[in-house]
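Look for chain A in each of the two complexes below; its partner is chain B in the first and chain C in the second.
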Partner chain A sequence: MLRDIAKQRLLHVDLSKRTTWVEDVPLEDLQKYLGGRGLAAKWLYEQVPAGADPLGPENVIIFSTGTLTGTSAPSSGRSSITTKSPATGLYLKVSVGGHLGAAIKYAGYDYVMIHGVASRPVYLWIDDGKVELRSAEHLWGKGTREVDDLIKEEIGDPTIQTGIIGPAAENKVKFACFVVSRYNSASRGGIGAVFGSKNLKAIAARGTGGLRPARGKEFFALARKVRGALAADAGSESLYNWGTAGSIPGLNEMGMLAAYNFSRVTIEHGERLSGQYLLSEGYLIGRESCFACSTACHRFVRSRSPKWGDVLDSGPELETVMSLGAECGITDIEAVLKANQLCNDLGMDTISTGHVISWAMETYEKGLISPEQADGLDLRFGNAEAQLALIQRIARREGLLGDLLAEGTRAAAEEIGGDSWKWAIQAKGLEQSAVDTRAAKSYALAFAVNPRGPDHLMTETYAEFGFTQESRDVIRKVTGDEKYADPRLTEKRAEIVLWHEQCYGASEALGFCVFTSTAAFAVNPENMAQMFSLAVGVPMSEDELMLAARRMVTIEKCFNVREGARRKDDRLPWRMMNEPVPAGPNKGMITDEAMLENLLDQYYTAHGWDLETSIPRQSTLKFLGLDSVCVGIPQIP
Partner chain B sequence: MDEAHIVNIHINAAKCTACKACELACSFTKEGVFAPSLSRIRVMQLHDVGMNVPVVCVNCADAPCIAACPTGAVRRDASVPVVRIDEEECIGCGDCVRACPFGAADMNEERGVAIMCDLCDGSPVCVDHCIYGALSFGEAMPTAQVKRLAHAHTVAAQYRGR
Partner chain C sequence: MARERMGIRLRLFGLSHPQSGRMEEELVAYSGGLTVGRLWAELQRRADPRAPLASLQRDMVLALVNGVPVQRLAEGWDAPLQEGDTVTFMVKAFGG
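Right after this comes the complex of A and B.
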């Protein structure tokens, strides 16, 4: 099917009734919410009633391609998956790369909304206009790699694209992921467990259609120009050469490499976890792109380890080597590659897996988890063998500890008790990604207000470090002065966070990888608005684009408000607010309670949200045109 | 035809990241839509070995597609050293698709014609969009020499280790 980019289509799949239907998306909705993450936020708000069980039939999964996904716009192939999180009980959006989004787009759909629960395991097969629920009984219990092979064999085409859950998601592990195009992962907040609860093992797609931009030649020329600018950006070059884990040496030097469950900020032999090390020691055998990407940060690695066995797999990402490596006191890269492979195959988020284990290690060393409770594992920091065993037990909920940790750090700390909650590095029920927020105030604020919990994947404020001229330019544009490109300052942090959350949101709605707009800066609100306009054929200014992104951020907030979340929930993990940086150039730094309150005041004020409760004011909702969308929350004028 | 004088898109698969920018650029330029299925160059992702291999017409010296075409629509004119399909004369029978050993010819089912790379009149848009250096264009180093070099590297690796 060849179609205009402006004519978006939403495919509904009801697993309970085994029915499917297609809905056309009104053009004015596309303009108002930009597509992708934006429209999905609105639909989630409308579809999932307050208090719904995230793992029950009332929850929906919304798979959204970006509005520009499938075009030549550079790095525009990412998708968002939106649902209610079983980890937090709040709004959840997870972004993922790979090629599945493009395949669904070419099959004729921009969005897929999954309703209900299947009575038996199934997978969804989208083959151009044909949509089918097929039995997945024979796939249940199997790892993501094997299932990918089996589905491709069954369909008879190794070039189809898949998204698959592993055994962890079937067992409703609270940080189970959804593995896309074999080597990419939608990971956070237990997104995979929602698929598992619906008995939906996989989505597979093949699309042979195409997309027509409204003003094709101009769009194509602009996209080519931005592609060139992006390839020339210093940030992109580093990501290509070393991947995200190329930041390890710098972080270790700056004293920002989270280690030993955030109790240290450097680690001996940290360089062994770096992308540079993967390259120099011959582990790296290839670089992979997501669809239409001009960066190729993704890795393909091979390890022939006498101790840990062979690995031929994707990754590892920066967050993976930090969480499964440094945070657990492990710098044996071959062990980390093995742990990464296990997580990918069993289908678990490496960030949360690493952190739930690093919490268990600290708790064990402090004597709150006894050797009996650890089911015989010697859970001291640095014991890779114990970590690998525990990863498998968590995925299959084996043993006391495996079953307990599968519930996530917050629940585990509640069960173990004592002071163990103080080193549970979580807020809202989500394990914090391995970013030290004590010495970077925009990050601290962004993490605290993040609707899905503390991580860098809803808003990344990398520019505040001012490492490059491009990032200092962004800070000048946002605050009026380059001097605010200093992460230790608390002034202007709300402005920086608001601009970034909007830039980030717009990027995701359009399908752009946020590395292109908030790590490298060649994709920016101005050219995003132009590309949107040329592709869809309606006017769009930079200001309108950012306003639409503010709309989506506000709906996401309102979803949480309706679930009962308030100002008191916008918190950082206790350790991040009470234990200053122990060593290195940032020694003594902290974002304490008082400082966070100050940052929150700035942020809610800038948003037009009530200071006491953080609830968006009616006047704000009216200004954004959301007063008839965000209903059912306390009304504050 | 003298091999050294056949211009070609040269492929270095080791550098291909499967971003598919080539497919998007090609299909838009040739068909006015973004549709990898209509691209003259296609990237095969081999997940099991961690390699991506672009496949495109190699301009065979003795081209089976030319021999197979019943109407003479597939031909290489003396003036331009490139195999091309004359869409006016193409009857959409698919004989060239079946004859091509590489799958470099395909059908545009909607328009009922065969499609194949024509090197964009000497300035291939796929090469322009490949920022990873997997595609390049120009006169080829003779194939045998390329193979000799690759073999030499293999031999060298046996002596020096990797």
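Right after this comes the complex of A and C.
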């Protein structure tokens, strides 16, 4: 059965009361917030009261498919999951690919909002409009891959789509993830721990319905045209060939590879962590696409290592090989593949896992973690055996160190004391992704203002490097001159960040993979607006689309303001602001306090936020039509 | 190619044969007056026709001089090379 794309449906599931109900989404809300991440931000603001415990019953989980997910729009199969983060105590959105979003869409729902806490472990089964909570007691304690097999066996259908937490989430590890379609991960901010706190082991879905665009013929023609442009983009070819880890050799040569807990910017034999190396040495055995994607950046690898054992798994992504590899001083790719597999099965974010371990390694080498505290592990950089043991201990909170690191680097540094907080590469409580923001100023600003903490997954300003004509065209469009495609400059960074955060927000609300719009540039605000308009059947200009995305960014900011976050919280990790790049072509570069303050002034001014506090002004909220939504925050005219 | 006067550390990644994922490095001597663009053209001319190096369009090459992308050098691909420079060529890669 076909369903109009404009007629969106929100499925509520109350785990405490074991009840479900459906709410129709008003068309004007869809138009105002674009759906997906945009509407989820509004609902999170409305549903979760200030001060709510992220791991308590007041928190909600909102699984939102993109507005165009389930259609033939290229690479539009992404979903967002929105909640309050247990890692930061602030707003959290994570994005994930795979096929679960499309399955939920075809089952008749655009969003699933999870309320309350189940008294016993359960999983949610959505089957073409029918919704059921099933016991998951027999699944509790098991790894994500085994649970995927067991649920499919129980349902009797190997084609259903799943999202699953592992033991780490059950143990409320602050960086536990949610594994979707077996091999894709919604990773950051402890999203999995929120599922764990609700005793919700998994979501499984099967859908046989379909979607009807308002102006089908024109929509399909435009989708085909954009798909063609995407296929021709150099970025797509590179992502197909080598995946995201194809960037490793270039970063290493440019002195921008985060290594040894960000104390170095290159690593010897770094190319052994690359997508090219995985291909040339025979580890790569296949590629796969998320729903509706022709790029296929997802990898499958096989390793038969005498030392680390067999691995047959997905990935590894760029951030994974950086965090579990270079950050820990490890270039043995077989060890990194094993660590990646462990994280995926235990259900932990590879970025944060790598970072807590690299922090522990540096702290151990500096004598602040004693051998006794390390529970017998030799935690020096480069020791892959110790890393693999520690991954298992963290997931199960075993031993003194395993339990401590499960709380994340901020909490661990507070407990260990001394100067260890200075090399805890985190801000707002989230471990930073492996981008050296000292030599890339748009990234620095984007990371500092990111509402969920310092990473590239809310605003990717890759265009500032100007490596391709397409990226330089973006910079010219945004700033008026292609000369600003230079990451060392501080001028025009606010304009660049604002454009990218809006482009990113619109992409995610519609379900597009951001690789299509901020790494390759074939999907752009103009054709996104056109596709939205043709699919939903309401007018949408490029400017209106970007304004709607600005609206969602502002709500996300207001959520944090209501939790008490202010300008002082928009920071980079201490090392990034106080220790200049130690070597290489960027030697001496830094984004220090004064520079960051200047960048923040530019950014808040462009947004219409108060310079002293960073609180969005009432005039700004009124302009955006949010004055009746973002209530309960200090009012600044 | 004249091998005199100017010593350059040349690093090629993934360019010698299809699916290569290894870094190849050699110290080579070139005549003076060499630019990044001329060095690239010379390498392409001498390359095995089956190697990626032979057919790669210049706008798909990440060219670095001492780690700095040529786009950031004032003369770009026409930047003159100096004794002791490290020059790296690889295919551009995206995403992360």
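To be clear about the criterion, the second predicted complex is superposed on the first by the 636 of 637 C-alpha atoms of A that agree within 3 Å, B and C clash if a C-alpha of one lies under 4 Å from a C-alpha of the other, contacts with A are read in each partner's own complex, and residues count from 1 in each chain.
One rule holds for everything that comes next: contacts are C-beta pairs under 8 Å (C-beta built on N, C-alpha and C of every residue); 3 or more make two chains touch, one makes a residue touch a chain.
Since the structure is predicted, the reported quantities are computational estimates derived from the model, not experimental observations.
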Exercise. On chain A, do chain B and chain C fit together or clash when superposed?
Worked result: fit
Exercise. With the two structures laid over each other on chain A, which partner does A:A519 touch: chain B (first), chain C (second), both, or neither?
Worked result: second
Exercise. Touching A:E319 in the superposition: chain B (first), chain C (second), both, neither?
Worked result: second
For this session: From the overlay on chain A, compute the angle at chain A's CA centre subtended by chain B and chain C, rounding to the nearest 10 degrees.
Result: 80
For this session: Have a look at where A:S238 lands relative to chain B and chain C in the superposition and call it first, second, both or neither.
Result: second
For this session: Look at A:F220 in the shared chain and tell me whether it touches chain B only, chain C only, both, or neither; answer first, second, both or neither.
Result: first
Exercise. What is the contact status of A:F291 with respect to chain B (first) and chain C (second): first, second, both, or neither?
Worked result: first
For this session: May I ask you to decide whether A:M254 touches chain B, chain C, both, or neither, giving the answer as first, second, both or neither?
Result: second
For this session: Name the contact category of A:A168: first (chain B only), second (chain C only), both, or neither.
Result: neither
Exercise. For A:V180, is the partner it touches chain B (first), chain C (second), both, or none of the two (neither)?
Worked result: neither
Seminar exercise, completed: Superposition result for chain B with chain C: lowest C-alpha separation, Å, rounded to 14
Exercise. Where on chain C is chain A touching in the complex?
Worked result: 11, 13-14, 19-23, 59-60, 62, 64, 66-69, 71-72, 88, 90-96
For this session: Please name which positions on chain B make contact with chain A in the complex.
Result: 14, 17-21, 24-25, 27-29, 31-38, 44-45, 47, 50-52, 110, 128-129, 131-132, 162
Seminar exercise, completed: Within their complex, chain A touches chain C through residues 234-235, 238-239, 242-244, 246-247, 249-250, 253-255, 271, 274-281, 297, 317-319, 435, 456, 460, 462, 465-469, 485-486, 515, 519-520, 584-586
For this session: Report the residues of chain A in contact with chain B in the complex, numbered from low to high.
Result: 2, 70-72, 74, 99, 102, 106, 148, 159, 182-183, 207-213, 216, 220, 224, 227-228, 231, 282, 285-294, 296, 298, 300, 302, 312
